[in-house]
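Okay, so chain A shows up in both of these, paired with chain B first and chain C after.
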Partner chain A sequence: MRPLSVVVRTGCDLFAWFLIVFGANVIIHGDVTPGGGFQGGAVAATFITLLLVAYGGKKVFSWVRPGIFNGMLIFGLMAFFLLGLMGFPNSFFYNFIAVPHEVVQATGHGVIPPSGTIALMDIAVGIEVAGALSIIVLSMFRGIRLFREGPMEEESGHDR
Partner chain B sequence: MNNMLHVVVLALLVLSAFFALWFKDLISSVISLAAFSVMTALEFYILQAPDVAIAEAAIGAGLSTTIYIIAIRACGKVKKSDGGDGR
Partner chain C sequence: MNWNEHFPALLLIIPLFGAFLAPVCSLGGKMARNILLVAASFLTLVVAFLLWRSVLANGIQYYVMGGENFRLALPSGMALPVRIILEVDAFSAFMALCGSIAAFAGALFSVNYMNRFSGQSRFTSLYLLLATGMLGMMITGDLFNFFIFIEISSIASFGLIAFWRDKPSAIEASLKYTLVSQVGSMLILIAAGSLYGKYNALNMAAIGSSLTMGTMEKLALVFLVGSLAMKCGAFPMHMWLPDAYAEAPTGVTCLLVAVSQASLYGLMRVCFSIYGVAMGSTFVPWMIIIFGLASMFFGVSMAVVQHDIKRLMGYHSVSQVGYMLLGLGVGLLVLGDARGMADFGFTAIKGGVFHVFNYTMYKALLFLTAGALYYATGKKDLNEMGGLARRMPYTTFMFVIAAAAISGLPPFNGFVSKLLIYESSFAVHPSLAVVALLTSVLTLASFVKVFQTAFLGPEKNNLLHVQEVPPAMLLGMVVLTAAILGATLFPSWTLSNLVEPAARALVDQSGYIGAIVGGGM
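Let's turn to the complex of A and B:
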């Protein structure tokens, strides 16, 4: 896929970084505002697709290494399972760092109500979804190279 | 006021869905489908589901549009260079 025109590329330069910031904002505030891990991860994964459409595949594949997204996927998944297993004497995903209700009411524990493992789970899911959706788009793009060759190669001595 | 906004958004929804079917150019059709997705996200937001609206705007208007565009580019390559069976 060839890069698009200079208008699209300038717009990509202007707006691509805000996508990352907005996705991180949705992920980090996932326990108190609408959104959460999946939505923020999807917004953050839109960054790589915008780069891919605006700049074409050759440049983007020279910028990023797909192994990074694989690492994000595995790290997010492992963090999710570890967080689930860490509450295990009680139950799966027992909220073991939550401040009890009486303590919150007595001390006025900050402005945001403390949510314990929910916020950490949101961060883990956000990292995992961002990596996974980027991998989907990048490997889909790599798939169209199979059709890109045009006519087949010249016949090279088929009857030797 | 809110009722009027509902009617406008639903009318734009039907209009963009019609244009997604009506365009002969596939890229225009995909862009119209992205507009449909944005209108759906706006409708979700009006109906007080901002959670679903964020997911719809990110996936419907961002990711699936990109995937459609990549697929259309791939198909165009084959058609132009006669990579099929020569028809």
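Let's turn to the complex of A and C:
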């Protein structure tokens, strides 16, 4: 895939980072608003998709290392799992740091979100999904290149 | 902290943790990853065994995920159970034991079998994820979570069936399975949703306690029975099964056999524990019996003409599932009738449940021997093999045991369970037993064919280099052979300790419901 026109690339430069910010916003507020880890992670993963479409594979692969996404994947999975395990004397997945409603009203909840592990698990899932979907997009891109047998359809209107 | 109480959760935690850990372990090289695969499945087997023992000793065990207390099924002020609840009775524990034996054997086998292929870190992850999904289906007490676990196991198996993605036939098999099983899963979701809409509960026990038969319940039952019969490979919906079993790597096929049993478990759980006596008519039991008869006969008649050894065994899977459907269907037919239940119904259920154990063991072993043949010779077609008994004595020995067991030759365990099914289905109508007997004869015929062409006869010139397979593969087969021989040598112990508690738990609807909802009945 070749880079697209300068208009698209400039648009990408402007908006790509907003996707990360918006994804992070959806992830972090996942416990109190619609959305959550999976949705936010999917939004964040469109970052890499947008870069691939606008700049083409050669440039993007020189910028990112797929290992990073693998790391995100493993970190997210492990964080989710360990949060589940930490509820163990009571039960698996027990919400051990939830702040009760009365306490939140009286004194606030400090650094920990009132929903406790639910919010933290949302973040873990968000990181995991962002990494995994990025890997999927990159693998699909590699898959496209396998089938490049000569020019399939001439693209025009590009200034390379 | 008493770990005994946490066994239901641990049964899911261990393979799930293994699946998540696989990408990390792969950084440590092949050895670390193989150790992880075998260790995680062995620990799962140990936990499944301990869970089974504790359920037999203490009765139904349930576990509330995320509760302040894992025994808090009904939080104060709630009329219905709300959290994710795992409910393990003797039948679930029995199924989990069968499934984890097959998973352990498949894992041992895969260590050597997959050695020469790339992509093993993903393989390990998916394999353990498939085991998680299977065990989750067997021990969950919640209809929606059943759907979740069925999806986990389906998605893991899509990936594993298409593991050799450079083979078009593998991709085709995986795509076929994807389409069929996604339609099935959606039907389960619709059924769970409609039951939730009416009863405000997703917990199987809670739904079962207040279920009254109406149009909507009938519709949900049709969706559940249809899609789960499809997932376990009953006749008209079996077309994905031979392809999927033949194309998956052999260790995976061994586990897929157990996964199809998890769907059968779901079918029986829905029929016996959710609907139970409330089902009223005999239509659904007869449908299950007819599914069973059709699967038995058509499965085996398609198997005898196959040349590809794994496809042949795949068609035999269809026909063997028929026996269980027949046995359990006959039991379901007389569920509300105490006299019929005492006369032949309970025998039929015992036969069906025992056949689940036998089928999982010998069919997994047969697939492993087929994989061993492929590993050693590089051939799948029976016509290209011959005279391998001298080159591969251990594999031959184990194949003979498994083939004798599946054909129902006395004194092997397959004979015991089939006899129970024959004599009980005869009481319903003699023609049922006739079809079952005919199927057994054809099964024997087709395995005699396999044995004769692959193992006996003159040695082929291009197979002179063949050697016995490596020790880990043999060990995987030995695990299953030991299980078959155990059930063969101690049939009365197996029946009274393994099978009867499971069968009794299956028909005890009020016990299953009462454990969660208390006096809800």
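As a working rule, the second predicted complex is superposed on the first by the 134 of 160 C-alpha atoms of A that agree within 3 Å, B and C clash if a C-alpha of one lies under 4 Å from a C-alpha of the other, contacts with A are read in each partner's own complex, and residues count from 1 in each chain.
Definition applied: a contact is a pair of C-beta atoms (placed from the backbone, for glycine too) under 8 Å apart; a residue touches a chain by one contact, two chains touch by 3 or more.
Computed from a prediction, not measured in an experiment: that's the story for all the values here.
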Who does A:144 touch here: chain B (first), chain C (second), both, or neither?
first
Give one of first, second, both or neither to describe whether A:95 is in contact with chain B, with chain C, with both, or with none.
second
Quick check on the superposed pair: does A:87 touch chain B, chain C, both, or neither? Answer first, second, both or neither.
second
With the two structures laid over each other on chain A, which partner does A:132 touch: chain B (first), chain C (second), both, or neither?
neither
Can you tell me whether chain B or chain C touches more residues on chain A?
B
Partner chain(s) touched by A:123 [first = chain B, second = chain C, both, neither]:
neither
Have a look at where A:54 lands relative to chain B and chain C in the superposition and call it first, second, both or neither.
neither
Help me check something: in the complex, which residues belonging to chain C touch chain A?
1, 6, 9, 13, 16-17, 20, 23-24, 63-70, 84
With touch defined as at the start, can you tell me which chain B residues reach chain A in the complex?
50-51, 54-55, 58-59, 62-63, 66-67, 69-71, 73-74, 77-78, 81-83
What part of chain A is in contact with chain B in the complex they form?
1, 26, 34-36, 38-39, 42-43, 45-46, 49-50, 52-53, 133, 137, 140-141, 143-144, 147-151
Note which residues of chain A are touching chain C in the complex, please.
70, 73-74, 77-78, 81, 84-85, 87-95
